[in-house]
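The chains carry the letters A, B, C and D, assigned in the order they are written, with residues numbered from 1 in each.
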């Protein structure tokens, strides 16, 4: 994965966010589960802003994205009210989904977490994975 | 409100729950926002178990419950992994909703929080408040 | 409260935020509990940025803020990925805390929710409410 | 991992839980991030109930558990108010932590999610990983 990231095939995008009070856990760090929502929030933002196709546009086409699997490595915890960035990009296309890798960076620029997720494109009527339409493939292949 | 609770008109029900790790905040207490989800979780449980009409049955009738207002008083914080109970009951009916009072008790039996919420019955097609059907009024008037 | 807000004694500040995916509930609205975290996040931001005294500085002085009570009125729901603003300001000082009123505005400028909270200043050693030091009173009286 | 699970070296334990309203996402499923908190909640419960050493006892020894990495596969979504079980067990010991595998089962007994996490034992003074004390190793080797 790192080799690919050093010389990525597809564009990588960055979203700025900030830790909210309820994200904090008993160790005064961000709770491990919240990183998953940060990644999704970044994808929602980037789908609209960078790929020019928002979640609402997918929904209007009767499509949705379900998470199939995720691997995350926690390197350095995010802290109270910290500003951070989430970088994501497509690693490769599956017939019916995408592999997205992500890196979360702390305010000081150091790596907080990285990993990758497998997302299925869902036909919301059947609630089953469906082939990615050509039109979407084009928008995403940047 | 306390006078009414000492001699309530409508039945009061109790749900047992437990604090989850992500509920904890920077003070190692349950975060103030989580109490609102505990109250809703108790209502969902009690609607099904006590009033014999689950959220899913409301949904099947094209109805939903939206929260219109809430007042909560925090007395003693809930702590890591603490077991607690949520007691709720209807205070009075509105034309298009209900006033529900609640008390959250710590594992040691002491009061953690109390207050009351105003919930509107919603016609999910129009997304507007609607009069409570006679059938539901009967189920709820216990 | 509205009279005071029309002509407030103390300064009011605004924080911009955005709905995260996990904030959404079964009605595709922001879950009622999340508004409480938005208000706290706005206060954290404004304490640092506007009052020039961050939560970390309070902590360094052995002080914390506990929520004693909150009343919230929900007017119009926040939606998926919506950008919104949280305006807060001090309504009045208590001997050992503050009454803060808030207004949450939707992206279209309409009111989403309003209400007020009662926050106690806590001596973290005793975990009891304490009188507000003159120095903090001055910083907050803007 | 599956081979080991069919014939595990270490004991596996089960915790019963229930989906809360705020766990639900825009697809009326449990949000992908919440499964991580369910796993932790199950571990907290099992540490106390099964291994006879609660999180609070670890804290009293100046120790904590930080999550180093996690892989999760989502098979079938958990739904509104669903009752489910979380089975966890130690796969193997590291010098300074443990690999824990988990399976989440739906109310109907079908697999909802599985995977494994890597947890470091932390000396809370230095906030660095530390060798597992013999006494804890013994309690965990059941």
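Methods note: contacts are C-beta pairs under 8 Å (C-beta built on N, C-alpha and C of every residue); 3 or more make two chains touch, one makes a residue touch a chain.
Remember, predicted model here, so these are calculated numbers, not experimental data.
Chain centres computed from CA atoms place D at the largest separation from subunit C. A count of contacting C-beta pairs for A-D and for C-D identifies A-D as the more extensively joined pair.
Our note on geometry: subunit A versus subunit D, Cα centroid distance of 24 Å, whole angstroms.
A separation of 30 Å divides the Cα centre of subunit A from that of subunit C. The centroid of the Cα atoms in subunit C and the matching centroid in subunit D are 35 Å apart. The set of subunit D residues touching two or more other chains comprises 21-22, 26, 31, 33-34, 37, 40, 55, 80. Across the complex, subunit B is touched by residues 26-27, 31-37, 40, 55, 64, 66-74, 77, 115 of subunit C. The touching residues of subunit D, counted against subunit C in their complex, run 21-22, 24-26, 28, 31, 33-34, 80.
The part of subunit A that touches subunit C in the complex is made up of residues 18, 20-22, 37-38, 40-41, 44-45, 48, 54-56, 80-81.
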